[in-house]
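Per-chain numbering from 1; labels A, B, C and D assigned in written order.
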Amino acid sequence: MGFCEEQLTRVRHVWERMLDHRFLRETRDGTIADATFASWMQQDYLFVEAAIPFIAALIPRAPKPQRTALGLAIPTLEKELELFRERATAAGIDLVSVRPGFTNHAYVQFLLATAYSASYAEAFTVLYVAEKAYYDSWMVVRAGIDEASAWFPFVENWTSDAFAGWVDYLERELDALAAGAGQSERERMAELFELTAKYEVAFWEMAATGATWPGLDAQVS
Amino acid sequence: MGFCEEQLTRVRHVWERMLDHRFLRETRDGTIADATFASWMQQDYLFVEAAIPFIAALIPRAPKPQRTALGLAIPTLEKELELFRERATAAGIDLVSVRPGFTNHAYVQFLLATAYSASYAEAFTVLYVAEKAYYDSWMVVRAGIDEASAWFPFVENWTSDAFAGWVDYLERELDALAAGAGQSERERMAELFELTAKYEVAFWEMAATGATWPGLDAQVS
Amino acid sequence: MGFCEEQLTRVRHVWERMLDHRFLRETRDGTIADATFASWMQQDYLFVEAAIPFIAALIPRAPKPQRTALGLAIPTLEKELELFRERATAAGIDLVSVRPGFTNHAYVQFLLATAYSASYAEAFTVLYVAEKAYYDSWMVVRAGIDEASAWFPFVENWTSDAFAGWVDYLERELDALAAGAGQSERERMAELFELTAKYEVAFWEMAATGATWPGLDAQVS
Amino acid sequence: MGFCEEQLTRVRHVWERMLDHRFLRETRDGTIADATFASWMQQDYLFVEAAIPFIAALIPRAPKPQRTALGLAIPTLEKELELFRERATAAGIDLVSVRPGFTNHAYVQFLLATAYSASYAEAFTVLYVAEKAYYDSWMVVRAGIDEASAWFPFVENWTSDAFAGWVDYLERELDALAAGAGQSERERMAELFELTAKYEVAFWEMAATGATWPGLDAQVS
């Protein structure tokens, strides 16, 4: 059993909480409030934008073959941003004047700080978990959403063969990195695996409850 | 009016929320629950520990005179950790097996990510605001706490002349950095000033409400 | 007069030394020894490979519009590597088992260290000067080289309209960054401008004299 | 046999070249020209100054016990700078208006780039080799220098029990890091071991031949 499968089993209590999140269920069932989905779109747009620096920061530390793959991920993310802008225009949602909610800001800082200060294999772990979480989460939505839904293009994006292939690639590479790592590095990779899963749950929670800052009401945020 | 004073005025709605936080008021009045204060101690111990890497990450990017001052801040933080361990032993509080709550983890990531990816003056802004927030917050507590309180040594630490002098030094240096910065850098400094203040409020909020992770109950965290 | 023009004037004693380098003159005149050109190809291949991490390391610190431009530079460099491999195969030159000479290794470290520890505008200065140096240097070669030369594709690459447009873009952006920078940052930018020009001279010097390490003969290197 | 001993054996052809360098022999025998030693002092002063950022950049990536040790190394380097200033004043040598020679600049970039982009164990390898090289090199000088020499305080500094203890500490820690590393990380550590030794030889070579830049005469440098 590879590292990824082993870790997905170990953190399944967090993973299940994520897949069972009401934001995903309500999006699947078509009962999600428009304002709630719009707020998620605004926050996730900022998140995808910030994922480009994260990927870029991995490149100088990557082994050469992975550098090329990571380099190609950047235009893919640019296309994803295009999808957000297209959907936002269609639905009349503002993507320009949005500011990150606390959980969103925190997650982005976690990505960047890890890319800079952890080992490459540790930072790569975070990349894999974030992408795998999106694939699995949107597969939950896919299992029931009306294909005529205005949000279906997002579902298509993250459940496509292309995205599945990317997640598979990351899984193979991460398994190999873990197999080649020493004991203590592998332990830190496991810890980051779990942490990233917890940030993913936090992100859905923010999507469902609003992108505010702790201890501050909306006016002060 | 220097940059610091100007920004403290601009973000006063956040600053006042911080200084009026019930965690500070209850600690001042001696009505704080022991378990609540203990949880803060555990989380803040981890935070101070993580502040050493933040300071260290600033050094390579600092102008030479500031390098020395930042280098000297590291042993001061080591002494602060000693104070935590001494107080924890006295009160029977575990500092060894603690893990960071969400807000704590997020704040540390924010420090590190900023130290690595923002400009030096921007990252220095975050350092100043975090230290100034602690000075002002503990001055609130000092205004009423019983000097016989087991928590008084923390109050003494962050309201001491030595700490006040450090905050003054940071303020003068930050004012000078802001005066020498271009327009767009100064705008990013202002944005980070406000963000750091918001992270400080979030930290007290965590201290008062518990160091959990969004969407996960205590067992799963 | 913009920052770039002003600096090119200020460091012209270095720039002229670079443009008058015998490696360029001999390549232009077709008198360069095959082994000398082959050694340059080997070293420059490693250098271009290492330029990808440099560009990537700039992305997290770049303003958003420049992120996209820098992201697009990565596939361009991949194509440049392709050109090296194609020319090397045609001429029977090994690109696989080569190790960097001292000057090459040093220059790459300079790029990376600057990308990580200097300000964005400072690191961007280094990028501009390196690209501008290549454009100007190969224009010297273009002025006389036989178009049937096996090395002409390199000349074409770095004197093309596309490459000229890239250098122009960098110049405009750098002028704007310098205009928006404070006094002391602009001074550090000027210093890095000159340093990069000196590294470029050192690189041609290595190309002409061999990719060795100081104090070590070829066997020990 | 630990990693350090194994690598010192593997790179002994470089190490011997370093220990047999004429700069060391002439300093030992008292035949070194004053201007030559003065030039070394100027360059090494800049190098030690730059070693502080290198050490600081390692701290955020270090395991906790090593963080403290690295933190303590910073004031030690500050004291070393004091020694340079004291000796320079005594001998009428200018340390203020000096600029780094090519090899010096390159070596510093190598330290910083490694601290930022390599793994912690890889960067720690560079730290160990640089310190071990200084200990071994100055032991060569100690074996014959007149204790009344104006340069003897440098010999004392780097052959002292305190410095020997620091090098021993680094060796034990590096052996442990290598023992815990995976195969490919250990290979990169070995490569950096050799590279650092080569930079050390280059530094003595610069000390003996002058701190110039390749392809530029003294006026242009």
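Observations, loosely collected:
FYI, contacts are C-beta pairs under 8 Å (C-beta built on N, C-alpha and C of every residue); 3 or more make two chains touch, one makes a residue touch a chain.
What you are looking at is a predicted structure, and each value in this text was computed from that prediction instead of being measured.
Comparing the CA-atom centres of all chains against that of subunit B, the greatest distance is found for C. As for how the two copies subunit B and subunit D face one another, over half of their interface residue numbers coincide. Annotation: A-C is the more contact-rich of the chain pairs A-C and B-C, by number of C-beta pairs in contact. Centre-to-centre separation between subunit B and subunit C, using Cα means, comes to 44 Å. One finds 37 Å separating the Cα centroids of subunit A and subunit C.
Taken residue by residue, subunit D touches two or more other chains at 53, 57, 60-61, 112, 116-117, whereas all remaining positions touch fewer. Across the complex, subunit A is touched by residues 13-14, 17, 21, 53, 57, 102-103, 105-106, 108-110, 112-114, 116-117, 195, 198, 201-202, 204-206, 213-216, 220-221 of subunit B. Listed in rising order, the residues of subunit D touching subunit A in the complex are 60-61, 116-120, 180-185. Note for the complex: subunit D touches subunit B at residues 49, 52-54, 56-57, 59-61, 64, 67-68, 70-72, 74-75, 78, 112, 115.
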